[in-house]
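One chain, chain A, appears in both complexes that follow, with chain B as partner in the first and chain C in the second.
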Partner chain A sequence: MSNRHEGQEARPARRSDGLLLIPVKAVMQVIDVPLRAWQRLAGLTGMASFFLLPNMAVFAIFVLVPFVINFVYSVTGGTEIFLDQRFYVGAAQYRDIFDCRSYLDPSTCVEDGFWVSTRNTALFVVVQVALMILVALVTALVLNREIAGRSFWRAVFFFPVLLSPVVVGLIWRWILQRQGLLNLVLYELFGFEPYSWLTDRNAAFAAAVGVTIWARVGFFALILLAGLQAIPKELYEAAEMDGTRRTRVFFRITLPLLMPNLLVVLVLGLIRSVQVFDEAYVLTGGGPGTSTMYLTQYIYEKGFASDLRDPGLAAAASILMGAVLVVLTLVQMAASRRNEKKGER
Partner chain B sequence: MSRITLEKVCKSFGALGVLHDIDLDIRDGEFVVFVGPSGCGKSTLLRQIAGLDRPTSGEIHIDGKLVNTVPAADRGLAMVFQSYALYPHMSVRQNLAFGLENARMPRAEIDKRIAEAARMLEIGDYLERRPGQLSGGQRQRVAIGRAIVRNPTAFLLDEPLSNLDAELRISMRAELSALHDRLRTTMIYVTHDQIEAMTLASRIVVLRKGRVEQVGTPLDLYNRPANRFVAGFIGAPSMNFVKGTVVEAGDTATSVSLMGLSVAVPRPAAGVAPGQAVSVGLRPQHISLAGDGGDGVPVEVTLVEALGSETVIHGRTGGGERLQAVLAGQHALRAGESVRLAFAPADLHLFDDAGLRLA
Partner chain C sequence: MGNVLRFLTRRRGGDRWHWTDVVTWVWLIGGLLVMFGPAVWLVLSSFKTPAALAAFPPTLMPYVIEEAIVAGYDRPLPLYEVRQADGRTVVLAEVRRIGIVAQMVDPRAPETIVKVNIADRQPVEKVSFATSNYTEPFVHFDFLRYLWNSVFVTVMATAVTLLINSMAAFALAKYKFRGQSLILIVIVGTLMVPLGVIMVPLYSMISALGLFNSLWGVIWPTVATPTGVFLLRQYMLTIPDELIDAARMDKASEWQIYWRIVLPLATPALAVLAIFSVVWRWNDFLWPLIVLSQSQLYTLQVGLNVYAGQLNVQWHYILAMTVVTMIPVVLVFVFLQRFIARGIATSGLK
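== the complex of A and B ==
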């Protein structure tokens, strides 16, 4: 019995196919000899490890080794970048970071920059993630409706995701700077005096939040849109037959069924938000003052950019931030597993 | 209880016409089945009645009231979907209660109705389970339960058994029939399975390409199909059609020559003339093996399907026409053998060029 679907016809073999395959077959035959010998020695499991080796090597060279080196930096002191010129200090960097009279008041900490940037990051994460999920949800709900030019609008919302974060930062800096497009438009339309959006604490924070939302919302909206489209339309029709009000449909049907996607968006959004750097750095440079300096910027400046650079302290801070990200990743994995189990039921 | 009347109902999606001038009168308490091949518009028609779609033109009346613009929820109907459409994140109890809560029904009344439906459908043991934890048959019962608790004036069922395996479908079919007998509520049932239609319906509506081909009781449709399409669609295996020529058109009988025989069909055929070509229909169940020396059509057997209680044979006449016959019992026949097949003239159906019934 043929497995071919009805109506599906075999593609006629072409002569060129055979010709193209000759060198491939020749190479395969050459490789086959040592591979067979190796398989006899290593067994099937050993072969699987063998084929995974290139990937594992890339992971080790570019992730594992730097991580270990980073940890070594965090337990050494000095301003030197080469390890052989650095000296062992044990947990001193971590002790310095946590040396505070009050964690709620960064000025009482030895490493006040770390705590200022941590506080800024925490505030940024809470506001940015909450607003982004809201905007992504509204966007997905609108794009899920049968509106004119739906594909076009989906592309429009996704487009910023394709831009480099630095480009995003530069575009918005040109728009928001004192001589930027926004002030020009406000002046031309309403006669408003130019305002320094990026040098006002609150406006700069709002700009950092707004710009990162603009740049990323398309990606998260897409995840939610996929979730919305996976909800069978018969459920809505059943709800319609049941005389369900729109708000009740949203809160009792759409939202619960979208929860797995919302959870993914929440955790991915948190992870990305904690790592905020490029857009915000290009946009505000961390200013005014340190009001938009986030943890990644603190680590970068401490390790590489400041006059009194301290690679050890930067490494210790990055490991602490890494720990937060590991926790968030574990939450995401646990949530994914829970969803998979639910899906199986 | 409800009477549903459709007058000249049409539905188009853009330039594509899906339903054309549907006139129907569904009486109170009837079990009406819409049947037809895929894409014939039967589900679309059900959705117009449900209020999930609006007809492009025409009128739908429920108990004499025009409901074209009445929202689905206010028509007093309940629908059972092909996919069951149970809310997967809610328990069976919550699924049953959802519609009643929308209507702000008192909790005690909701609980009473759920208990009653659970008893009737034997789903009481899994009220706290979620749909994902139920089998297909159990989900189907819950879907029906959700319709029952609303105490609707009519049930609309859109291919509710098509996701079940063959065995379960047969038992659920019987349960649905029993449920209708108990509730005596109007039910409109959509299916493409003509056996479901025959076994369940008080009346069947046969649809093709968005038009009603015939409305009648199952046996009406079986015994007096209005056209070739209905004749071929109702009954399994399908009716055989062979070419024939009218020899004589009388007041009480019509003589036809077919497959080398001359046969007098004991019914008049209005408007036919001798020499007119006709299509002659003959159900496989109405064919038997001709006795020794008896009249019959010589047929070369091409395939034999022995089903135990009956034997289906496929054959070809000398004139190249294909015939299927369902013979009661077991017959030791083989492909390649020649047999003579007989039939009663009264079992023949005559259709004209356009496929309309003549006699």
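== the complex of A and C ==
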């Protein structure tokens, strides 16, 4: 078995691959002429900067510069998108955002849309991440057992991860609508009357949570599964020899040793959950009312929807969201560094 | 009976069934239904006619009412199974319906019209796949255009990503220069700057460069992926420096070393990045939604969302288009699933 596998890998590339590459090779050869001249002129360091240049230029223009001028946007006012047509307003955008009589009640705020979407996002993040980790953990534990056809089952849970958020949103919109699959199942099993789930505030929230879990849980389950498989088998054998009960093994061996992976899953899940947009937007469009309006959609609508456009406010809101993400990412980096150290020991 | 049950539930090693075994299989079977069920339902629904899509309770398979051409009527008439007063059932064709009474004819004797209470009849149905759901969007919508736009964005973005990421990764892995670690920190730090945070200034940047309403405006901001650079660099670090030094002895230029030695050796990492890039770019939604405002430039994802957002949603087309949008990703899943799973498990990359 392993011999055949090695034999396959050792086989030389097919001729057709070579034919396809001929024009590429020609181009590379032509590029080489001026580059040799540059190499003679600038040396190895010069070549290093040449190799770095394209990526760093694209990176600077489309990430770094926008990141910096985002702060400039947040201190300007008006509805124009180009900076030269905007005027300086100082901290007015931030003042508007934080202008509330009571922070517990979004309707008392000047920018109630921001606080409604912030509250929705916070609620979404807490419920979605907690449930998702639970489902991912159970899935990983199940997939880590000695079951027939394990790679098939792993693929089952991983399948939705690759689907586009738009496809995910549309699939579930179709299932949750009045003539949909959910109503069919409820009707056949319990005789429920058909119901338009996405027009109900609570059901729409539950749908946004459930659908994003459905679409992402396979990804997080894979990370946890990798962690479970890294736990030494000897520990379990020793526990079995001592006749330790399974629940005790789980809480005393599995869970503590899985903690580093759980932490990674928690932070990655939080980072992605804070930015929730695509699936929820296609599924509910933020509705009914504003019940599933999340921060990214608020920023998108403030920035680009023509009738209530305010790019400065959108920039200020996006910086506040960015600050949360930076904190989460720093936590993740610290956590993964601690993991590496543990691995070395 | 007890023996049969014991035989069916017996396990290797003679262990008894533990409650966790039950949970395991309930979870697996339930997972199979919940994870695949919606996609299967989508595919089956996509072959239904608009009338079948609007019916409740919906059927699993796409059914249509069978029709027959009856002499004396210019259009085909729907067939129903009618229970008669004497208990026998006959197949009749419906001419028209007035309230709860249907006027029907026997297809073999079309002269006499029979009046039937609609409670006494059942439609004669057959499984039929409405493939027109798939063929008509090509005519009615710019579906082919969207498909082309999506393919263009995906292929171009992936090609540029592979090129510039691998060049940067080569520089960071195989050269020593000042500011190297700073660049690496900046690149990794970019992970903190997702699109949602910079969409307003990025939009103005794109507009200033004349890339608004252009497919390249969708492509450029996505290609300098920090994960790609990082992944390739980590892989290239494992390529021995001796190989590169030997090539330098043989008077190979640095550019030749890059594309004739390092790139071929980094093929596994490039393949992983290529797969991820294809899936990412094919699935991108928010940024194309912002940059592309002319319908002939829409990618599949944006086009789908726009048509699904209309007041009068033509679900029979939307469902079929959704299935087509799903196909490339399902192919990737079927053929490369193991590969991707390993990539995620080892690098936490998504």
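Convention: the second predicted complex is superposed on the first by the 282 of 345 C-alpha atoms of A that agree within 3 Å, B and C clash if a C-alpha of one lies under 4 Å from a C-alpha of the other, contacts with A are read in each partner's own complex, and residues count from 1 in each chain.
Heads up, the rule we're going with is that a contact is a pair of C-beta atoms (placed from the backbone, for glycine too) under 8 Å apart; a residue touches a chain by one contact, two chains touch by 3 or more.
Since the structure is predicted, the reported quantities are computational estimates derived from the model, not experimental observations.
Asker: Determine, for the superposed arrangement built on chain A, whether chain B and chain C clash or fit.
Answerer: fit
Asker: First (chain B), second (chain C), both or neither: which does A:P232 touch?
Answerer: Once the two structures are laid over each other on A, A:P232 reaches chain B alone.
Asker: Which of the two partners, first being chain B and second being chain C, lies in contact with A:T244: first, second, both, or neither?
Answerer: first
Asker: Which partner does A:L257 contact after superposing on A: first (chain B), second (chain C), both, neither?
Answerer: A:L257 contacts chain B only, not chain C.
Asker: With both complexes superposed on chain A, which partner does A:F98 reach: first (chain B), second (chain C), both or neither?
Answerer: Neither: A:F98 stays clear of chain B and chain C.
Asker: Is A:Y195 touching the first partner chain B, the second partner chain C, both, or neither of them?
Answerer: neither
Asker: Between chain C and chain B, which one touches more residues of chain A when both complexes sit on the common chain A?
Answerer: C
Asker: Look across chain B and chain C in the superposition and give the shortest C-alpha distance you find, in Å.
Answerer: Once the two complexes are overlaid, chain B and chain C approach no closer than 6 Å between C-alpha atoms.
Asker: For chain A, what residues appear in both contact lists, the one with chain B and the one with chain C?
Answerer: No residue of chain A touches both chain B and chain C.
Asker: Using the touch definition up top, name the residues of chain B that touch chain A in the complex.
Answerer: Against chain A, the touching part of chain B is residues 50-52, 71-74, 77-79, 81-83, 85-89, 98-99, 102-103, 130, 132-133, 146, 150.
Asker: Please output the residues of chain C touching chain A within their complex, sorted ascending.
Answerer: 18, 20, 23-24, 27-28, 31-32, 34-39, 41-42, 45, 53-58, 163-165, 167-168, 170-172, 175, 177, 183, 186-187, 190-194, 196-205, 207-209, 220-221, 223-224, 229, 253-256, 258-259, 279, 282-283, 285-286, 290, 301, 304-305, 308-309, 315, 318-319, 322, 325-326, 329-330, 332-333, 337-338, 340-341, 344-346, 348, 350
Asker: Show me the residue ranges of chain A that touch chain C in the complex, using the header's touch definition.
Answerer: Against chain C, the touching part of chain A is residues 28, 31-32, 35-36, 39, 44-45, 47-49, 51-52, 54-56, 58-59, 61-67, 69-70, 72-73, 81-83, 138-139, 142, 145, 147, 151, 153-167, 169-175, 178-181, 183-184, 187-188, 194, 214, 218-219, 222-223, 225-226, 246, 264, 268, 275, 277-278, 281-282, 285, 295-296, 299-300, 303-304, 311, 314-315, 318-319, 321-322, 325-326, 329.
Asker: What does chain A use to touch chain B in their complex?
Answerer: So the residues of chain A in touch with chain B come to 232, 234-235, 237-245, 248, 252-253, 256-257, 342, 345.
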